[in-house]
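Take a look at the structures below.
Across the two complexes that follow, chain A remains constant while its partner is chain B and subsequently chain C.
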Partner chain A sequence: MMYLKLPREDFDAFFKNLQEYGKIYGPVKAGSSAYNFKEVTTLDEMDLSYNRTIVPPKKFFVGLKEKIFEFDEKRAEFREVIEDDPRKVIFGIHSCDIHALKLLDKIYLEDMADKYYLERRRNAILIGIDCHPDEHCFCKSMGTSYATDGFDLFLHEISDGFFVRVGSMKGHEIVAKNKGLFDPVGSEDIEEFKRSQKKRLDEFKLELNLSGLQDMLELAHNSQIWDEYAEKCLGCGTCNLVCPTCRCYDVIDFVNLDITTGERVRRWDSCMLRRHGLVAGGLNFRPTRVERLRNRFNCKGSLLEGMLNCVGCGRCTVYCPAGIDYVEVLRKIAGD
Partner chain B sequence: MERPKIGVFSLTGCGGDQLMILNLEDVLLDLLSYFDIKDFQEISSFKEDSDLDIAFVEGSVSTKQDLRKLKEIRARCKMLIAIGNCAISGGIQAMKNGQMEILERMKRVYGIEEDIYGVLEPKGLSAYVKVDLEIPGCPIEKEETLRAITSILHGDMPDQFDYPVCVECKLKEYPCVLIEKNLPCLGPIIVAGCGARCPGLGLPCIGCRGPIKEEANAAAELEVLLSKGYDEEHIVNLMRIFCANFGEIKKITEIIRRRSGKGRQE
Partner chain C sequence: MVRVEVIDNVLAPSPSRIIKIEKMTEIERLFHVKFLSRDLVERFVYRPGQFVEVGVTGVGEAPISICSWREEPEILELCIRRVGRVTNAIHRLKEGDLLWIRGPYGNGFPMEEMEGSNLLLIAGGLGVAPLRAVLQYALKNRERYGEITVFYGFKSYELMLFREEFLYLFREGDEQKLRLYLSYEDQNDEKCKRLAEERGERIVQGVVTKLFEKTEISPENTYAIICGPPIMYKFVVKELIKRNFKPWQIYLTLERRMRCGIGKCGHCIVGEGNSIKYVCKDGPVFTYWDALNTKGMI
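Entry: the complex of A and B
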């Protein structure tokens, strides 16, 4: 790993120079306490001290709702729709969301790579930024509070600028092109970086005990706890849509008025919605909210090659209109 | 190919759903050219009493005359499509259903005891006849309607919204008005398809597209709004504006009536 210092007075120039890598998207305030990744052209449009965005950065790689191809039934032809310029810079991504993207990479890129995802992923620059946990963050428990890879550059704020970690070849290229903006790190900077990391770890209040979680979930299959929460649950799908690791999508065809041409669209789906379990012939393999809720928690608690399907970002708890607390549910399941 | 014969009819309602079809101005002529129109009051006084492939019906069944007309339409058509909230569940004119006798309502509104209209408690079409497809909204969304008709012309049953407004609200990245502003938003129980128009403007969903049938958890929505400090009668009245004939909401009304002991059956 290469470590550098970006002095505060160079921050603006650094930001501007990133524009050559594509449009820049950063955290922008969207409500009294809500943020979204939006296109930005200046530093001050962003709030880099944000806690979390409503929709996670997976939206840059799997579109919320995107046309994947157009078809013509008469000619029996189809034409894939790929973004003209997939290059983009995601500025200010948090460690938990970086971990979530690493998980999505496994799903979308290993074995049969999803070409839409691949194209966007390899054309995106990820600039990470340090954050401070609020009462809903439990990434420390999930082992995702610190990213050792999966980013191009990672910025850690120190008193007179940023302590920068270079995490990829693209990161090295950016640094090489902007040589004049970076300084080598001094022993003072290293000490400050270490102190700030320790301080940050001490700020975490919420913890989740992961020990035996998969067994606890399996043993709770017939638990009353699912019924209790299913009664509170509105089945609105918000938890899935704001989750950085949920990746179910739905595919629909729309025909144009000429009844010949049309388009195939994919959009984010949610396992909390009734149709998710509906298959041909009208069978629904998860007909009730109890089953859907239990399935969601089991999915989040399961392991994908050793990686948990949850990164502790807290979004599902924060944005649940019914106020269902994810950590509280898992604690009850484990009997804590 | 012979063009499908269609009719567009109104029962008790404002006519807004027919108008939304006409509002498809950019494609209207192309769209209508696919059909042999036998009845479409908002377009023309021309009417031909023939069999129909598709009948689009807006408005609620609120009078005996509506019911007669509906049964005639059903007997004439192969496919019956209810368009708009009135035709699906009775609409806003049903908001007092189960709370006040219909003749009492007539007396309060028109000041007469005599039933000169042959009134019925307002209900949607499916309370009386088989309905093949429902296109929700107050009024219907023109894009959704166009897509539904296009699907049918293509030989498919349309993809229907079976998820709540919250889904669209999230996909549009709107801040949640329920969480951020404590507004009494009905989005979690109401059928999507509007693109979360009201929450996008910072306003709560008032439920004009109706609840997700046999799925919406109205009891949980009531609990959420109670926890935000809203009065239960206010919440139930809010839900009843567009959804009074919905089973879950009828149940809630009954529970609250008993709980408050106010005997709201006036």
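Entry: the complex of A and C
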């Protein structure tokens, strides 16, 4: 890993120079205590001390609703469409969200790679930033509170600027191009970086015991706990939309008035909605809310090649309109 | 980021021509389709038990198992029941029209692993479609397999799929060392009753599990392969376990909602805790051992 220092007086110039890599998206305040990644052109528009965005950065790689093909039946043609400019800079992404993207990479890129995701991932720059956990963050328990890779540059705030980790060749290229803005790290910076990391770890309040979680989930198959929470659950799917690792999608065709041309669109789907497990003929493999809720918790708590489908960002708890606390449910399941 | 070299868009379907449509029942038709691209016609290879996503522009796609097997496919046969939005649209198409196909997807049956063993195929209703591909493969490579026994259950003579083929095997199958047993549910089915008069030891009135009373089934060096409506699996598996089949000697092929067919869209997820599977990618063929370890599979 290459380490550099970005002095505070160079921060603005650094930000401006990133514009050559595409539009910059950063955390912007959206309401009293909510944030979202939005396009920004100046540093002031962002609040880099944000806790979490409502919608996770997955939206930059799998569109909420995106056209994927245009078809022409007469000409026997299916034309691939990538609607947005895949060149983007995601500025100020947190470690948990970087881990979530690494998981999405596994799904979307290993084996039968998804071209839309790949194009956007290849062309995006990820600039990570340190965060301070609030009462809903449990990334420390999930092993995602620190990113060792999966970013291009990672900024850790120190007193007179940022301690910068260079995580990729693209990151290297950026600092090489902006050589004049960076300083080598001094021993004082290193000490400060270490102290800030230690301090940050001590700030975590919420913990979740993961040991044996998969067995606990299976053993809870017939547990009353699912009924109890399914009673509270509105089945709205908000937890899926705000989850950085949820990735279910649906596909819909639209026909133009000439009835021979049209487009194929995909959009985010939700396993909490009734039709998720429905097949033609009316058979539903997860017909009740209890089954759907249990399925979601099992999906999140299972291992995908050693990675959990949850990064501990806390969004599902924070944004659940029924007040279902994700960690509380899993604790009950595990008997903690 | 994972390193990948892809240029092909795996979600892009290939146009194929409907060469022939055969009406099988009031709700099922057999579509013979051929890719427009000569290259694809030559390149497209698949295993029995694999499926394709079949699409109609403006309507969408549906996962359909390939019900035929030839070494050089050229023409794929798809037995499609008119049951949902997409399959209804497919039924409205005529010979010469286009279908949009992606695939083949899924693992398919381990035909090589089963070589040297006896095969017991148990099909219910439309479940006979993927098993027909297994049967065609096994008959094409007859010397590689031991005894082949087929249980095929249907509601009535009119709803029997691939009727001519199976009636031929019912009468003449023994010459190919194949024992075909049939079961029909409709007690008043005159045509089936006549078949019973013709060869009573091979046909029974009732559900498909009734056929277990008709013949001795030994687990010795035998694989059972089951496909049918979801309700059928538990009952058939029970009979097999009763006859000392081990869970890994039993293969099942499953149906689920599948939008992508490649393990991404998430709808076909099944299982809990330690074992979560995507039916489209990890299946659709599973052993009963998988089902015992993956909650909700059957």
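Assume the second predicted complex is superposed on the first by the 334 of 336 C-alpha atoms of A that agree within 3 Å, B and C clash if a C-alpha of one lies under 4 Å from a C-alpha of the other, contacts with A are read in each partner's own complex, and residues count from 1 in each chain.
Following the convention adopted for this analysis, contacts are C-beta pairs under 8 Å (C-beta built on N, C-alpha and C of every residue); 3 or more make two chains touch, one makes a residue touch a chain.
Given the structure is predicted, the values throughout are model-derived calculations rather than measurements.
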First, second, both or neither for A:G277, with chain B first and chain C second: second
Touching partner for A:I68 - first (chain B), second (chain C), both, neither: second
Which superposed partner A:I252 touches (first chain B, second chain C, both, neither): both
Dominant toucher of chain A (residue count), chain B or chain C: C
Chain B versus chain C as contact partner of A:Y319, first or second or both or neither: first
Touching partner for A:V242 - first (chain B), second (chain C), both, neither: first
Touching partner for A:N17 - first (chain B), second (chain C), both, neither: neither
Common ground on chain A, meaning residues reached by chain C in one complex and by chain B in the other: 252, 254-255, 259
Complex interface listing, chain C residues touching chain A: 1-2, 4, 6, 8-13, 15, 36, 57-62, 83-87, 98, 100, 230, 255-257, 259-260, 262-267, 269-276, 281, 295-296
Footprint of chain A on chain B - complex, ascending: 27, 30-31, 146-147, 150-151, 153-154, 156, 159, 162-164, 166-167, 170-171, 173-176, 178-181, 185, 187-189, 212, 215-217, 219-221, 223-224, 227
Complex contacts: residues of chain A adjacent to chain C: 68-69, 71, 73, 76, 78, 80, 105-115, 118, 121-122, 150, 168, 213-219, 221, 247-255, 259, 262, 269, 271, 276-281, 283, 285, 294-295, 298-299, 301-304
Residue numbers on chain A that touch chain B, as the complex places them: 30-34, 36, 54-55, 64-65, 231-238, 241-242, 252, 254-257, 259, 267-268, 270, 273-275, 289, 318-319, 321-323
